[in-house]
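Going in written order, the chains are labelled A, B, C and D, and every chain counts its residues from 1.
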Amino acid sequence: MARVTLKKVTKKFKEVVAVDNISIDIEDKEFAVLVGPSGCGKSTTLRAIAGLEEVTSGEIYIAERLVNDIPPKDRDIAMVFQNYALYPHMDVYNNMAFGLKLRKLPKEEIDQRVQEAAEILGIEKLLKRRPKELSGGQRQRVAVGRAIVRKPKVFLFDEPLSNLDAKLRVAMRAEISKLHDRLQATIIYVTHDQIEAMTMASRIFILNEGRLQQAGPPLEVYKAPANLFVAGFIGSPAMNFIPSRLLKKDSSYFIDAESFLVKLPSDFYPSISSYEGKEVIFGVRPEDFHDKQFYPEGTADNTIKAKIEVIEPLGDEVLFYLLCGEHSLIAKLDSRTNKRVGEEIEVVLELPKTHLFDPKSEKTIV
Amino acid sequence: MIAKQNRFLLSLPLHIFIILVALIWIFPTAGLLITSFRPASEVASSGWWTVFANPFDFTQFTLSNYKDVITNIGIGRAFVNTLIITIPACIIPIIIASFAAYAFAWMEFWGRRFFFILFVGLLVVPLQMTLIPILRIFNQLGLSGSFLGIWLAHAGYGLPLVIYLMYNFVSGLPSEIFESATIDGATTFQIFKSIVLPLSVPALASITIFQFIWVWNDLLVALVYLGGTPDVAPLTVRISALVGSYGQNWELLTAAAFVSMLLPLIIFLSLQRYFVRGILAGSIKG
Amino acid sequence: MKKHFYLFIVLVGLISLLFIPVHAEQKSVTVMGVWTGAEADAFNKMVAPFEKETGIKVEFTGTRDLPAILTTRVEAGNPPDISVMPNPGQMIEFAKDGKLVPLATFMDREKLLSDYSQAWLDLGSYDGKLYSIFISADLKSMVWYNPKAFAAAGYEVPSTWDELMQLSDKIIADGNTPWCIGVESGAASGWPGTDWIEDILLRIAPPETYDAWVNHEIPWTDEKVVEAFEIFGQIVLNEEYVYGGPKAVLTINFADSPDALFTDPPNAYLHRQATFIKSFMLEHFPDLVPGEDFDFFPFPPIKEEFGTPALGAADMLAMFNDTPEARAFMEYIASAPAQEIWVGELGKLAPNQKVDPMVYPDDITRKAAKFLGEASVFRFDGSDLMPAAVGSGAFWTGILDYISGYPLPEVLAQIEAAAVDAYGK
Amino acid sequence: MRTHWFTPWLYVIPALATLVFFLIYPSFNTLVISFFGPQSEKLVGFANYIYCFTNEIMLSAFRNNLLWVALFVPLTVFLGLILAVILDRVRYESLVKSIIFMPMAISFVGAGVIWKFVYSYRPTGSAQIGILNAFLTFLGRQPIPWLIERPWINNICLIIVGIWIWTGFCLVVLSASYKGIPRELLEAARVDGANEYRIFWKITLPLMKPTVAVVATTMFINVLKVFDIVYVMTNGAFSTEVIANRMYKEMFIFRNYGRASAIASLLLLFIIPMIIINVQRFREQEAFR
């Protein structure tokens, strides 16, 4: 059983607060991803779990055991570093065996474990090589292998894929996911790449400026971001934020963005009534725009007109950079759309999927 | 692509520069080497390059200088004495300094910066000033005239530079390796032994050479702490005793200089292959 | 591979542990000296009969760093049993500090008085107590020349200063150079010039003036000292008088400088230097025959009334640790048989009057011994008697500065300043 | 790295103990003695220090040491650096490196003999046994007595001997550091179109800065302690005196421990600025962690 629990963990470097009162509860065998922009405190959090940093305050539990004062080696964890941190003077075999030798395991068992891990990762043929004779992807595998042989309860990954090229990164992503299924261990994975987070995680933890912004399964977070930051961070291209005003007319609520006016669905009403007449931020994901030609539900209440500034075809979909009044918007539309740059287009907003945020607290209203 | 020939032309000034520097450097030594094969009377009356007037006239050369040096200084015993002094006097400070450099580079402790600065500052202490107070203590401890005493003395005098050079190297190792080893379960000592020392081989090689040469060429420390009787005297002491009191016998000195240079040069040449590039390349680069 | 390496280290460690009590428990006496090379060999020959007879082992360390090593070991309370003194001045300092053993406590006074002239005993004493023994001496007031070259050119050996200068001028007139001088001597550069000054001063002033100068009772700016420098300057600063001119004087090693006597044609005809220079001449030109190819005449009198004094230097030994072995050794080296071996090997002169002149290797040495023995005035090398800061410091650099062209008053003022500081008066 | 508070001391204490015994205690002793008279028999206050700053020879020693600092330190470091970089590109690197390192293996007495041969002067007209003067004579010029031409030529000649000896040290240390620079960085710069000159100044040098600082510091300290070369070649005559040689003379020849100790204490004092620079570098490195 390897739950990892952080209770009100804070880490300060002199005056700088890197981790600010974070509480996290990671279930056994969960694939938890800590994600956030650089400098958000995610790596520090991971290093605190590993025991490489001493926390300023708060408690860390691994497998229900308080580990604040337990050295890294006794925390039953293994870590994969961004730069792999392979021992340059040891061959692959010894890189993987090092931790086991230190634990004084019998030689046969070390052999067996290394072989097993090498097979899992497909690096049996590289065991005699030194790290500098390996390609980036191979080094990555060795680094993972070094963690696997230890059979720890918790794996910690610190941006392990960021030094790989795009194609390899996609392949390794899938492999690590497979590995998780196979190892049946808790994984805590740090990345700044939200796609990695979305694709791999069973739960993601979004951090910003040392604080936990939101935690939850990836789709849940995607669909219901807790605040403006999460909404903007998760999803690519990012959500469009339109500063606007909430109007009430004939017992209906409208978003007034000066250049357009749309009517909000009625299930929004209970949460937004207090914002009547106030400034709000209206959030629409690019994929929630539709070309009116191919979207029959378009009405006057959910359609806006905009000018096309740039077109980026992605294949079956096309990104349109639009200008509506003074608002720049990005819309992901059907590839059948045949408009050109400079023309005007009518797009329909899928209003039930839109979000409203409080511009002051940045919290989600609905 | 630049043609091969063109590239050679581009680097031609480079080669000329290097060869020129090498020639300037080797010239005085060459003079010394040739002088060591010439009889005393010739040395005083004509330049060493005059041998090139008839380079195949071997009568102008003599091996007697070398014969004198080797027989007179009792080279076997002196050589053994030198090794007995030099080897521990190299190993002890390098071990002590590696420990200290590791702590200074990678551990947090109270007074770390102060002590580091103090250690480096001690580089400037003229060792002549330390002889009397230390010899006094040595006498009380019964260490004067013992090999242990001179090992420790060389260790003490060599430490500041060795710590300084080691620190410079060890502090440049990537921190992830240390973290990774910590998580792998290594204690600070295991990290030192299995990671720091093996990775410091290039630095250790060059520092060993410097310390070796310094101890090997030392005269004063040996004379003061060990005395100059033949049963303990190292090569330097014996060689300097070979040269007359008024500084004559240059031809012997030149031969002796080459005899005593031999081992340091062999050490240098054999350790040179450890000054290799990029041991770390695989760990810190993606 | 690795294991072998460790094994090797352990082995070396063990072997060296065996050496830790470095000096055997045999009866022994430790002796330190400046002697190296041929002199160390001669010393070993001298102690061989002693070791055989007494069973005492003489552990000798010869080093040119003697001043540093001796100072260090004496200060640290770990002196050798017996050591050569760098000079009488330093002997007096050690005696003053109570570091030396007075020899009268065990040596036979009568025998000393019969073996040594009072002058040598006085030089070895401080405050009325004898502290050191001289084992060899060098005569300094000598001018070396090449009799064959003299004969070829028709030159006569001069007997007065005027004749010497006339000879010099004649040599110049013949298109040659009279003198060869070299004052380069590594860290001790300048000392050959100090001998010139001393020899000249002894010939232009009474010995009392010399003593007063040595003891800094007259200043360096005294007219007699100035005159001595000027007489030296007449030769050394004159491009025609000295081979190569002053620049060559400064750069030629003293040991190489007499080489000029033996070139063909001779680069120079006259060379003032002590007895020991003979060994250098023979080393550079092994075929020379003493007395035929080279000879000396006494440095001639300058002012008739002061005659031909002898300037000399000597090697002295003093005792730091009072052990039976050290006593035995001191008695041995003071004896004629020991000195006979020593001076016989080196061609130096023996302070012990009982030494048979026949042990000297050649007539030249015997002639020098006779000169030294019969000289009415004998004075010890003044620079060796002065405090080191002057005698081995400012005086040497002063000579070099003077030869390199510095104005004499400036040179003397600098030495005087150092002297005031060093003598404390 | 997280450790028990006592662990670092286990690593530092052997060094600390050795240094306390061999260097710190004697330095302290030296400092105390520097306020006493020649044989430490009476307290003289600052008299020895006043002597150091008023005596003409001491003053010229300071001037000469400054000249040494100005020439020796930059030249050894720069030459070592240049050679480390360019030797990396030639196949005969180890041969040339060995040649330049060789003087380190020669004792100072040996080096003194070698260079006396180089600078040897014989009167005009006789055969020159010094290579420099033989060359001048060959060109039909007057020979020069290199070691007595003051105040510049002889000092520079001595400094050249120092450079000849110590460049090998700089080369070996700097070369090791240069080889530690990832090649990709240099290649990247080359691809970016930088010429070798710019690469050296903008990439190589900044990356090697810590090592260059170490080497420069070591050479600076060497200059302060330079003794053997001067002692063997001129012993400070002809205005070539340096501080450390003066200290040796005061200590062992003149037996004036007070003055020798004052000079040694001054040497310690002079190193302080250099140490402050090193402290700053130490701080910078900390900032990276």
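FYI, contacts are C-beta pairs under 8 Å (C-beta built on N, C-alpha and C of every residue); 3 or more make two chains touch, one makes a residue touch a chain.
Bear in mind that the values here come from a model prediction, so they are computed numbers and not experimental data.
In summary, the chains found to touch both chain C and chain D are B. Counting C-beta pairs in contact, the pair that comes out ahead of the other among B-C and B-D is B-D. Between the Cα centres of chain B and chain C there is a gap of 37 Å.
In this assembly, the C-alpha centroid of chain B lies 16 Å from the C-alpha centroid of chain D. Chain centres here are Cα averages; for chain A and chain B they lie 56 Å apart.
Multi-chain contact residues of chain B (touching two or more other chains) are listed as 44-45, 128, 133-134, 182, 219, 240, 243, 278, 280-281, 284-285. Across the assembly, chain C contributes residues 68, 72, 186 that each touch 2 or more other chains.
Among all residues of chain D, those that touch two or more other chains are 2, 248, 251-252. Residues of chain C touching chain B in their complex: 9, 12-13, 15-16, 19-23, 30, 32, 34-40, 59-65, 68-69, 72-73, 75-78, 185-186, 253-256, 259, 276, 280, 283-286. Those residues of chain B whose C-beta lies close enough to touch chain C in the complex are 40-41, 44-45, 83-84, 87-88, 91, 128, 131-136, 138-139, 144-148, 219-220, 223-224, 226-229, 231-233, 237, 240-249, 252. Residues 67-68, 71-72, 90, 93, 97, 186-190, 243-245, 247-248, 250-252, 267, 387-389, 392-393, 396-397, 400-401, 404, 414, 422 of chain C touch chain D in their complex. Those residues of chain B lying in contact with chain A across their complex are 174, 176-177, 179-186, 190, 194-195, 198-199, 201, 278-286. Residues 47, 50-52, 71-73, 77-79, 81-89, 98-99, 102-103, 130-134, 136, 139, 146, 150, 163-164 of chain A touch chain B in their complex.
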